[in-house]
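Below is a structure I'd like to ask you about.
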Amino acid sequence: MSTIVVSPFKEAIDAVVEAGGKALKQCYQCGLCTGTCPWNLVKSFPTRKLIHQSQLGAADFESEDTWTCATCRACVARCPRGVAIIDIMKALRGVIVGMGAGYVPDGLRVTLKNIAGTGNPLGESAEKRTDWAKDLEIAPFTSDTEVLYFSCCIPAYDPNIKRVARATAAILKKAGVSFGMLGPRESCCGESVRKAGNESLFQTLAQSNISAFVERGVKKIVVSSPHCYHTFKNEYPELGSSFEVTHLTQYLAGLIREERLKPKKELNLKVTYHDPCYLGRHNSVYDEPREILTKIPGLDLVEMAECRENSLCCGGGGSRIWQETKKGERLSDLRLDQAVATGASVLSTACPYCMLNFEDSILTSNKGDMIKLKEISELVLEAL
Amino acid sequence: MARIGVFICHCGTNIAGTVDIGRVVEAAGQMPMVVHAADNKYNCSEPGQALIRDAIAEHRLSRVVIAACSPRMHENTFRKTVAAAGLNPYLLEMANLREHCSWVHSDGKEAATTKAIELIRMAVSKVARHEKLFPKQVSLTKRALVIGGGISGIQAALDIANSGYKVVLVEREPTIGGRMAQLDKTFPTLDCSSCILTPKMVDVAQHANITLLTSAEVKEVKGFVGNFEVSIVQKARKVDHAKCTGCGICWQKCPEKAPSEFDMGLGKRSAIYIPFPQAVPPKPVIDTANCRYHKHLRFVEEKREGKPPPQCRVCEKLCPVGAIDWEQKDEVLTEKFGAIIVATGYKAFEPAVYAELGYGKHPDVITGLEMERMMSASGPAGGDVTRPSNGEHPRDVVFLTCIGSRDEQRGRTYCSKVCCMYIAKHAIILKEHYPDVQCYVFYMDVRAVSKDYEEFYKRAQESGAIYIRGKVSGIRQEDGRLVVRGEDTLLGEMVEIPADMVVLAVGMEHSPGSAELAQALKVSYDINELFIEAHPKLRPVETMSDGVFVAGACVGPRDIPESVASGSAAAAKVAALFSQEFLTTDPMVASVDQMKCGGCLLCTKVCPFKAIDTQVLRDGRTVAVVNESLCKGCGLCVATCRFGAANLRGFTQQQLLAEVTSLWQ
Amino acid sequence: MSQTAQIRQAARELLQGKAVECVIGYERGTDGVNARPFFAYEAAEADRLIFDQTCTHDLAKYLLNRKGKSTAIVVKPCDSRAINLLLNESQIQRDKLHIIGVVCPGVVERRWGTPGAKQLNACQVCQQHTPVVYDTLVGQPVSEPAVADPYPDVAGMEAKPADERRTFWEEQFSRCLRCYACRQACPGCYCPECFAERLDPLWVGIRIAPGENEVWNTMRAFHLAGRCIGCYQCEQVCPVNIRLSLLNRKLEKDVLGMFHFQAGMDAESPPPFSTYQKDEKLGIGE
Amino acid sequence: MRQFISKQNLISWLRQQMEARQLVAPTQVDDLILFRRIDRVDDVILQFQNTATSPKEWLFPKTETLFHVERKDGKAELIPAEIDGETVIFGLRPCDARGITMLDLPYLADPADTLYRQHRQKTVLVGLSCLTACPECFCESMGSGPEDTAALDIMFTEVRDGYLVQAITEKGRSLMPQALLSPAETVKPPAPETAPVPSEGITAKMRQAFDGPYWGRVADRCIHCNVCAYVCPTCYCFDVRDYTNKGSVERVRSWESCQSPGFTKIAGGHDPRANKGARMRQRFSHKLLYFPEQFGPLHCVGCGRCVRACPVNIDIREIMQDVQRMGAPK
Amino acid sequence: MAIDFEPRIVGFLCNWCSYAGADMAGTARICYPSNIRVIRVPCSARIDPLLVVKAFQLGADGVLVAGCHPGDCHYTEGNYYSRRRFALLYPFLEYLGIEKGRLRLEWVSASEGRKFSHVVSSFTEGLVSLGPREKVPAEGALP
């Protein structure tokens, strides 16, 4: 049996202990987190063990496990002692990034470099950020513009996901919403950067966005990504920002309620909805997306076996979206099976990361003729 | 003019070693109204006290200042001394020269001496404003109320009754017996629960000193220790228990059936029923929600559409003594008591919040209490343990502990104490009844802390139960069985156990309505709605409300021996209280000067002991008046009263101001 | 119909119908400019009633002399809060009272013989222009303005260095004649015996001197903590113009900040010193 | 004989006075004009209507110690209070000066109030006659007037570039150095007129007005704030209390008012004037009936301060009119 | 001058916790400055703010109010009320020019003898550095 030397890296460990706070000390090793963690459906990921190693100051910085957690929050919601497990994972990664030693997945290294250089994970030019909207005749953002539409980098640049941004813009125009974008002044929100442990890069991104918003007189922000939503709403205020942040599904539900949007066309579709972790478990937005879907005429909403609080993660949170996940270990594949099992013809969701993962799963599992992937905005636009 | 004597104690060298006693005596002698100042080697010694008594007589002293140790130490001693010399014992004040001066200023004799003189000056100024105080004697009603007819309440009632005092035992349900009556066997001895409980229930019913009120609840409590006035609602049973002989024909013939609460819904009972065969009193009540005649009456009353259900009234027709009384209404009884014991017990935790465990979804996931009913020979299945889904005997049974306990997010923070043991009991009994059964226990920590408990745990292991350390994260149904999934934290691996039955070891929660009852009794309760004892160690059955005691699991999770012990302990406290002819009240309580009271009544609202009432004077003014039996002398009312009408004897505004002022005069 | 006419009509009806024995309102004073309190007992006297911006008095104080007698009273919004205060403190009975509430745009500083030009400081930061309790409302309810900084005066005082504040108050208190006009005018001051006039315990001596004046003024204000309803009668009646509102408003500001309480907004909420929150953080003893 | 003093000379005279003795004069305190001890001559205000409070506090202080009792060698010794130093009060309006004659009547009559007598002897009263009348002034109806010199030692009257000076008493003359004066060339400006108030025969009418609901109705709005008495130049009531301090006893008196609720409370707690109407009637009866009966003049000089200061407009002029209009009791 | 200055402190201590805590400091012989004069009250809730104001007027350099820790009140809730009362009095006295460091509210339990001595020591030190109160308006002094 190998022996662990307790507390070999005192300072590094202190940072982890501090991040976990009192809650880390309170963990009584029941293992509910391990059992709850979806990774254990596809491989072994000893969550509880990582916590215990952290308690002892014996974390293994060379382990791949440090980078596995998708921060889906399922364990945190159930933990009987309320341990902030995500914060501990974040801190472990922070120590590695901070020390510049230990194992960092390659995909992540590249992406972080891209973000640091260009402000977006794809490494594209900032000038091209709103190229997707070139032909849509959207008025430039001025201090009189009511709403900033912050699309997220994926819909802005990814050729496949651009359709989300385009559908959203079209809906907002139809509803007569005064909105605009800041183009090259927008950077990646930094949510996943922070979860990847790169706190200083996160601070830079956040400061850059906040000052852009303040300079341009932004008051209200509508976002497509639950990740942008989470960090704008819950983390930017730490830096002194105070913007009104709304997720697109909340905003659209409001427009429909006020009858500024009227989905009239019958779609005659059976649709199932996947709860993004950062919209659902992190921010308790469960009802608005369903409210929108049920208001579309002819749309039959069916639920998957695990939904809402118990929804299965797509595996894209916590910077996982930028890391390679081996075939056979992809949570989105499992989730896709759950969606197919409902008999729905459309899997809908409201998160660019979930979109990327499911696009990939549909492609690699050849289920394209069984189920289509549509973001909520696409369905709404079709119904108008 | 007051004639004050000051007695300065050397306390050996404790004070004299630091304070210049000679100077202090000289300074004290020159203080206003001081006619005698003297020092003493030990004021508290018998010769020292004799000197004080002699000086009181010789110098015709009317007030005494003892400059010595802390009043928390010897105030009572010196009160007795001055009382022995014929003075009112409250005409005494102490200056704390030891704990507050010589012991903490040993580094500066000069400063300590100056301070000692000032402390005496303060005491002199204060004692000049002392008044004679007289403890009051209040008569008491030697009759106790016990709320809750579980094992703890039963024990308390019997012990008080056996001491020769009258007891009224109030129980909300139609029978006494409580949770213990539902249990099959008790750990660690495996005695049959009802075999040891029912004789006690019968004792209660037959005891000349006990009045039993079932289907009754406490509504309102007025008064104070020795003199409580309690309103009790006797709920309508629709059966006249004075006439009823308990022959049983009604409940045998009643055609309407409803799930039995006593059997945790596993069995049925009729609409007119006794909860279980050994119920005390063995007389039925009508459950009007399910009774066919009452359904008919409601239908007619609410003027619903269609044909009304038939008027059944079978019980009425069959009753040989005409005990069915459809007109019976809730009744309020108001009774006087000298003491109250609260023994309202607990209810089992509702496990539905743990969605991943599927209680309520998978029929074969049951609670520990349901298992008790299943196992009980007198239970709905006659002791036959079967799977609710298909009626077959289970082969693999998984037990999950800490359901609702030790969980800040979805349950209660505390350990429920009994679950580890009752799970062990279930495992042992199952194995005895069905040798082919395999039991698995997912546990966190096995807590087996009382006598013979660890041995009992060992016995469960020996019987073949496999203990797995970890918390279950999900139960799914697969091929008609349950698959229990969780981490074995000792292996560090996920394990899955196919099972036929899962038993949730649900913890204990406060019984419903605890907070309302606590408020009526003016007893504190915590965020879990558990009653708070006066002191968790030294006064475990008393509360901060004098004359109100607590027993059993309403204070926190307790097993049967502890519940019985606390019931007896509370009874002993009551008996001790009742052994007095009168209650003596502390005279250092608040008073309100009615001439100065402006009637804002804020004092009545803030008083932690609800000791301030209102009174309408002949001139029409409404003023506050202190109930001295309830007042504990905190003085909150005094600081709350802008009018300067409220005052606290022994710590009057005048006395405290005199102390402050004396420092500058 | 003007506010005056509406008040007269209401008063006339109440007195004619014997609904009340007396209507307390305002009439024109002897300088021909300012209003003064007026007690109308007969319907014929109703026509003497007026209402305008010189009606500065808080008439609620008079209710303390009319306990148990049926009375109608004209109240401005701040005065209506005094009624809630007195109800909360069991001083008056609601069923004996008919409240004629007046929507008030603010009143002016009282200057004898000349029409006051300047609105009272208190009125300039007023956030309650419609009475909080009334039976008859005179005037149209207005939407309440959001006053960004209701306590500029207090903040100014707080910003001064401690010794400057001490000097300021020493000078102010040295003027005090201890005539107790502030107490007499205050609807919240109704102790059967004021602490300042008690012989035993002797909190405040009869010397009209700085030490006694300081205790008097400090405790007068503190007894009104969480109770002052902001009518500023105390400051208005002070013959030597002591800035008493700076004391009351400081406490009002802190009570609002710490306990989220404003006196007299309703008749039921427990006043700040008669309740508590177990976990509140008040910046003391922590 | 009237003489003239230039404004410049007046100021240097005031400076001389300030250096030689305590100078008390009207000065600005916040938005009030009050009689205060002057440390800088520039602070003296020469043009003003009238001060907010009356100057009586400089002869009859708000609070003063009457005597001490000290314990010496086991015996009690009474040490009476002494007034040291002289005072000049400058800027007295004639009504206020007449008010001092009202204080003299009770306090200097045998047996005299020794402390008041000392104050009076050691104080020089310098008047400043009125050039304008306020709407609330009614001094002429009360036996005084803008040029009344009662109680004054010196009277100044403002004219162009300076003041006419009238040294009335020997004390006044001795304080006024001729070097600063010149013969008066300017004529005295006409005295202003004050609104008349029916004071004629009021004493007799007051006697008849004792009963009836009138006082109760006036008292309805009175809040017993005592302001009238505290600003009045003639009110002279006080309260006395003994203090102990480190073995010595001190007797102190402070102003008090007949309007304060406990004023007439006697041992045992009974108060013969417990109701508001009785207290209200007491105030005006004392001013218009009891004082004249005891000492002669009406106990009011018409300064109008109470009229101006009363928060609820209880106006002595209106009371006098009402009383005059009342018929004889039935 | 400040070096010789001995501040005068009035301490109001609740009988059940803080007074007992002070006794504990004595029993354990933990020395602290002798400047404090203790007045025993049953509960911190008994302390009328008037007593504190009066102490300052008479010339106290500091006033200490000490009671049981919140939640531990012998009378269950008295100290919650005193906390409110003094939380309001504290900034008010400061507003009137009595410096912040002169009034102190502390929770001292019966077992916290060391804490009591620490409180008195640091309070005394703080008052020494604040210096004597300037121009204490002595009772009865005339302007």
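All chains are identified by letter, namely A, B, C, D and E, in their written order; residue positions are counted from 1 within each chain.
Convention: a residue touches a chain if its C-beta (ideal position, glycine included) is under 8 Å from a C-beta of that chain, and two chains touch if they have at least 3 such contacts.
Worth saying up front: this structure is predicted, and the values here are computed from it rather than measured.
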Task = Could you tell me which chain lies farthest from chain A when each chain's centre is the average position of its Cα atoms?
result = D
Pair exhibiting more inter-chain C-beta contacts, A-B or C-D = C-D
Ask   = Per the centroid of Cα atoms for each chain, what is the distance between chain A and chain C, given in Å?
value = 57
Remark   = Chain centres from averaged Cα atoms put chain C and chain D apart, in whole Å, by 32
Message = Can you compute the centre-to-centre distance for chain B and chain C, using the mean CA position of each chain? Integer Å is fine.
response = 47
Key: Distance from chain E to chain B - Cα centre to Cα centre, in angstrom   = 36
Query = So which stretches of chain E touch two or more other chains?
reply = 49-50, 54, 77, 81, 85, 140, 142
Ask   = Touching two or more other chains, which residues of chain B qualify?
value = 595, 606, 640, 653, 657
Query = Multi-chain contacts in chain C: which residues touch at least two other chains?
reply = 193, 195, 203, 205, 207, 209, 273
Query = Where on chain C does chain B make contact in their complex?
reply = 67-68, 89-91, 190-193, 195, 198, 200-203, 223, 270-271, 273-274
Ask   = In their shared complex, at which residues does chain D touch chain C?
value = 29-32, 34, 52-53, 62-63, 134-136, 217, 220-221, 223-227, 229-231, 239, 241, 243, 252-255, 257, 260, 262, 276, 307-309, 311-313, 315, 317-318
Remark   = Listed in rising order, the residues of chain E that touch chain B in the complex are 8, 10, 15, 19-20, 22-23, 25-27, 29-32, 34, 37-43, 45-51, 54-55, 58-60, 74-78, 81-82, 85, 117
Chain E partner contacts - residues on chain C that touch it in the complex = 157-158, 162-163, 165-170, 173-174, 195, 203, 205, 207, 209-215, 218-219, 221-222, 225-226, 250-251, 254-255, 258-259, 272-273, 276-278, 280, 282-285
Task = Using the touch definition up top, name the residues of chain B that touch chain E in the complex.
result = 70-73, 96, 98-101, 103-108, 111-112, 114-115, 118-119, 122, 524, 544, 588, 606, 608-609, 632-636, 638-640, 648, 651, 653, 656-657, 659-661, 663-664
